[in-house]
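Two complexes are shown next, each including chain A; its partner changes from chain B in the first to chain C in the second.
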Partner chain A sequence: MKRLHLERLANPQLLALVAVLLINWLLFPNFFRIAWQDGRLFGSMIDVINRGAPVAILAIGMTGVIATKGVDLSVGAIMAVCGAVAATMVVAGYPTPIAVIAALAVGLACGLWNGFLVAVLDIQPIIATLVLMVAGRGIAQLITEGSIVTFNDPALVYLGTGSFFGFPMAAVIALVLMIVVTLLVRRTAIGLFIQAIGVNRAAASLAGIHSRMLLMLVYALSGFCAAIAGIVVAADIRGADANNSGLWLELDAILAVVIGGTSLLGGKFSIPLAVVGALIIQAMNTGILVSGFRPEFNLIVKAGMIILILMLQSPLLGNAIGFFKRDPKQANSR
Partner chain B sequence: MKRSLRPLAATAVIFLIAYAVSVLQFPGMLSTRVLGNFLTDNAFLGIAAVGMTFVIISGGIDLSVGAVIGFTGVLVAVLITWFGVHPLVAFAIALLVAALFGAAMGLTIHYLQVPSFIVTLAGMFLARGGASVITQDSVPINHEFYRTISEAIIRLPGGGRLSFIGLLMVAVFLVGALLAHRTRFGSYVYALGGNTVSALLMGVPVARTTVQIYMLSSVLAALSGIVFSLYTSAGYPLAAVGVELDAISAVVIGGTLLTGGYGFVLGTFVGVMLLGLVQTYIIFDGTLSSWWTKIVIGVLLFLFIVLQRIIFAASAPGEESSEKV
Partner chain C sequence: MADGEYVLEARGVMKIFGNHVALDTVDFGLRKGEVHALLGENGAGKSTLIKVLTGAYQPDGGGIYMDGAQISLDNPLHAQSFGIGTVYQEVNLLPNRSVAENLFLGHQPLRFGFVNFRKMEADARVLLANYDLQIDPASELGTHSVAVQQIVAIARAVQLSGKVLILDEPTASLDRNEVERLFEVIRGLKAKGLAIIFITHFLDQVFAISDRVTVLRNGKLIDTRPLDDLSRTDVVRLMLGKDIAFSGATDIESNAAQNEVLVEFKGYGRKRGVLPFDLTIHKGEVVGVAGLLGSGRTEVARIMFGADPADQGTVTVNGQLTAIRKTTDAIRHGFGFCPEDRKAEGILGDLSVRENIVIALQGKLGWFKALNRDEQFEIAGRFSEAMDIRAASLDMPVKLLSGGNQQKVILSRWLATDPAFLILDEPTRGIDVGAHAEIVRTINRLRDEGMAMLVISSELDEVVAYSSRIVVMRDREMVAELRGKNINPGIIVQAIANNTDEAVA
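Entry: the complex of A and B
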């Protein structure tokens, strides 16, 4: 077990994260300085984990979906819907736990709907989740009646901006979720089943895996994670913004998962590395901001990053390396 | 043949019913003015949707369309306003840039063998980021040529106006339909969407066709960006955010099968008009808020996807399992 952990530490994702953080440090020498103030930690590093938390939470759910060769485009819209549900219920005077549970239930229901379209109606995942991506923001606006619902409920606000032993609450939620989901899929056979479906759904079904139920489960988990992210984001700004909450975050989440080494062709996934991927994205984000570049460069850097990863993941490159070097590791990874 | 025309017929019938219901409620909607504005207001969406139709028929998807529209608008505005380039030259430059951009995406998709949505996602970030790096603000276009074009309208009896950009969209649809159904390139696109491996074995030049498809989509998106700049007389880096989703919706509602290999360019036209109808209805009603547009489009999308599944499950029971997993 210990040995396995050491091996895992030397993977490209963590090295990339370290590299990005070092570049940030070179550009902005105070990057690693962490201060303790008002009972919590402050600093650029803390900011990276705090701001990266929503994408990390989304990425946890998205990993499962992508591992089954699917994709969930609706997570951003589900975030908006769930944030709207939590905010409106708190404003209407419901106790916070009820509002949070209701929002989580709505997220779960949205995920199950996606799962139903993909698993039962056999619709392509991109398109099945597109339905909710388009309609979701409309539904969120319907719930908030077109305005930004603001709230001051201390318990709900704590979920977004509170601190837990000095660490930002959002990051703690993401960490706990990551550990729980990872244990759930890796300590049981579920992870293996998910991989089997990703490699070949028909074969997996023939081998006796309940592929329909598992697909429903995977999409439900993605919806559930989106609900958590939606609540965290709404709590962070003390308001539910149906138009902008989670806008384009689905793309960041997909990117995080891909950076984490999960194959878009299914069959290979890692939840902790997807979270590392989210941190890499956020570290670049923060790096661009603190070093004084204009934030627009962020998009271009992200595009460059996707292209780089695609080239690294591409079978063509793998074949080429395999051809020239006969490197056994490369051959195995494909 | 008749069986395969069913989704198209269904879309057309639904459009006619929806239009008839709208007219019964608001007689004002049955006028050449409303119909003329249908074309003008949806011109940029329609042009982009033609390109998207080709991409989807080939079994891919292009998420970069909205960003390319925004980028082209900014590029054209900056060339005209800051550098004093003649609009026609600016248009040519914009179309050329888009062609190269699309070619790069097509090459990446084919040679790196990666799903089109992730490549075009990178394209989307790149184009949107590029537009934002050029300028953050809206750049107004104040040129003689733009005024001439916006005044070039054909008046119809009943107060209707056919604008240049509306007619341009119709022309693009007609050319697109000819390209899809009457040329070799069109057949290649259908073949690719049906089954890439069979297409390759049959001698379809897969690499060239893939590149051409994404070039076509990007060029049409750029044309759409030009139309958008004519429509708004400005270039703005955040213009047309999410138009790719509207375009995909229009294509699906128009009866094109998302797994590829099947679809109609003219069906997309009906799809665009149906989306326009939803918007116009909500404006006419006045009490419905704009977010209903999104919900209705989502519901329509869902209905048409289910409809397609039912029709195709009934007509082709054999080719179920392997592909759509």
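Entry: the complex of A and C
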């Protein structure tokens, strides 16, 4: 029993995270130092979980989409739209909760729109979500009227920069969201249905699964998560920047999900591991930053990572590895 | 058999996939100027033989001979250089390019290294005239009917190869007039001395145009005969099985008719699917469905289950008039459906045996009444034991199981929902003998327990063994309903062939 538990911990994602953190530690010996100051924790590690939170939040929603063999390219743009909604509403004098709920509702509506295109109109997900990816930034610019809307609403700012028992608020939100969504899909049958659709939508439909409703759900969830990320990022910089908020983050989110072991071909997925994937990406970013390399290296290293992961997922390599550790029982069962 | 009698010949060709023998020492000879029909049910080895003859597959034994000399074909392009051209059911040309470009793609007439469009279109016009096609060569191919596209594909293949033409179900998506048009083209090519292999599921067309016929079954050559000596019944008999004439009628008492009516379809049909049919199914009764491939067998199953909803007629379940517009409607009424194409529509390959078994039950329970892990293991374990599913563990991906075990998993999936009416489309296709027997046993057991079933199968001996009643499909129409003593392979074969000039056996 104990052995099984250890084996479960030794999955490649956690090993990769540990490896990246150790490399950071070698490059920057103070990496693991954490200080307590003004009622909150400070340190590079805290920075990793704080800065990694927006991508982690996006990755939570993206996991469900990718597990159904889809992809959501619009999350970055939805972040900008929802950040803009929250910022303009508090500036216009609406109470913070109303502004936040409105922003979340807009994110949900964006997700439902994507879901409608994919599930009802049967448009390929990459194209369907491209629509909002392009249009979303335009909508955000219309809402902010082309400028960066800044605000000082303390309650909203708290969502981005506050701390909860010393931990950064953004990371706490990501953690809570991860637990809630994981419980939602694992304690209900939704997770199983999502996997079934991702593996074989035709067979899943014949087995009596409402595949349309489920696709609507996963895209809606993705939009909702993007709204949360958009609010957190806007609150962090105390302003809504329609042009740059969430720019290219959809790609980081997809990468985080793939690092987390969910195949772009759909099927088995893990939300916690996608969050670990987001942390790996952020640990690399932070590591390169604190070690004194120029940030340009960031992109090169990221590209290298993607190649490495795609190689590990390629069937060619899988077969080569499988050749050496083939289970004789399984080999004969065909 | 003198060398040179055949333009193209396969001698003792073997093709093995894993431990499945797809072609077992098959001999096949094609003469100059003949149309040679190649027949067989799905999985008989037709397409494998074609792929060997076109170089798409390499034979594992035997050889390919052209004009008596052995040749080896590396790939379809290589086969083309030997004069072997193929036209597939799905026109694989470029619909958004012009007719002329499609005819000459890959060997366009050039001038100064650029395509000479004027010459190409002039050449195309000459070529098309041979086929009585008066269309503008500069027009987009996609704007023409499928029949015209099919003829363009043939023109291209003949012009490139010119010796042997393989037509793989070219008529599947054509209407009657278009088929006749295509046949004119084929007769013209035959008169010019081309050797033509013709694959189709339509018997009428075989008799309309073919000189000889070769029948394959389970990867083996059954016979090659001139068509003049054969009746339609003979051909169906060759395709479906050898011992049909000797097996007797079923011994199942059709007392099922006295049982309660479970489902009643009236005028039930779907445009381009099935012509309207009436069918009443009682509890504790197995209704067998016989018919050749493409006769509308699968369509009947899909329409009943709501996978392709009906657009006419009514359905009554347990005396209540109802509507089945989607699969979940059917499942709510206690229907279950094991589809014909296990891999594409049945199994969830990457998911575990356990998840594959519980999925339909969970689908019925909905999102929020989730079966927990222990319950899933209990259900999956119960059915894998009852059905004798041979899996190393219930957690292994179902795609690693053999075909027979996968079929048992899908059957278990529906049995777990405690269905009242089970629709099985070719439940025993492509599975090993042991699993085959297990599934037939299960069908018999379920019938005796009072379940209603509709079973589609090409294995006539098998349908006869478990059916209380048999309906026969032909050309998308339910043409006969056989009961009692008429449940007999010979009579079924005649009903399928619609043989009127021969006495009922």
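By definition in this document, the second predicted complex is superposed on the first by the 317 of 334 C-alpha atoms of A that agree within 3 Å, B and C clash if a C-alpha of one lies under 4 Å from a C-alpha of the other, contacts with A are read in each partner's own complex, and residues count from 1 in each chain.
One rule holds in what follows: a residue touches a chain if its C-beta (ideal position, glycine included) is under 8 Å from a C-beta of that chain, and two chains touch if they have at least 3 such contacts.
Since the model is a prediction, treat every value here as computed from it, not as a measurement.
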*Of chain B and chain C, which one touches more of chain A's residues?*
B
*Now for A:Lys268: first (chain B), second (chain C), both, or neither, which partner does it touch?*
second
*Where does A:Thr188 make contact in the superposed view: on chain B (first), on chain C (second), on both, or on neither?*
second
*Scan A:Ser147 for contacts with chain B and chain C and give back first, second, both or neither.*
neither
*asked:* With both complexes superposed on chain A, which partner does A:Asn244 reach: first (chain B), second (chain C), both or neither?
replied: neither
*Would you sort A:Ile307 into first (chain B), second (chain C), both or neither based on which partner it touches?*
first
*Touching A:Ala202, do we find chain B (first), chain C (second), both, or neither?*
both
_Contacts for A:His210 in the overlay, against chain B (first) and chain C (second): which applies, first, second, both or neither?_
second
*In the superposed arrangement, what residues of chain A touch both chain B and chain C?*
200, 202
*Touching chain A in the complex: which residues of chain B?*
61, 108, 111-115, 117-119, 121-126, 128-130, 132-133, 136, 237, 245, 248-249, 252, 258-259, 289, 291-295, 297-299, 301-302, 305-306, 309, 320-322, 324-325
*Under the touch definition given earlier, write down the residues of chain A that touch chain C in their complex.*
187-190, 192-193, 195-196, 199-200, 202-210, 267-268, 327, 329-330, 333-334
_Give the list of chain A residues in touch with chain B in this complex._
69, 71, 117, 121-124, 126-128, 130-139, 141-142, 146, 200-202, 242, 251, 254-255, 258, 264-265, 294, 296-300, 302-304, 306-307, 310-311, 313-317
*Could you please specify the touching residues of chain C with respect to chain A in the complex?*
18-19, 305, 307, 327-328, 331, 337, 339, 344-351, 355, 359-360, 362-371, 390-392, 396, 400-402, 413
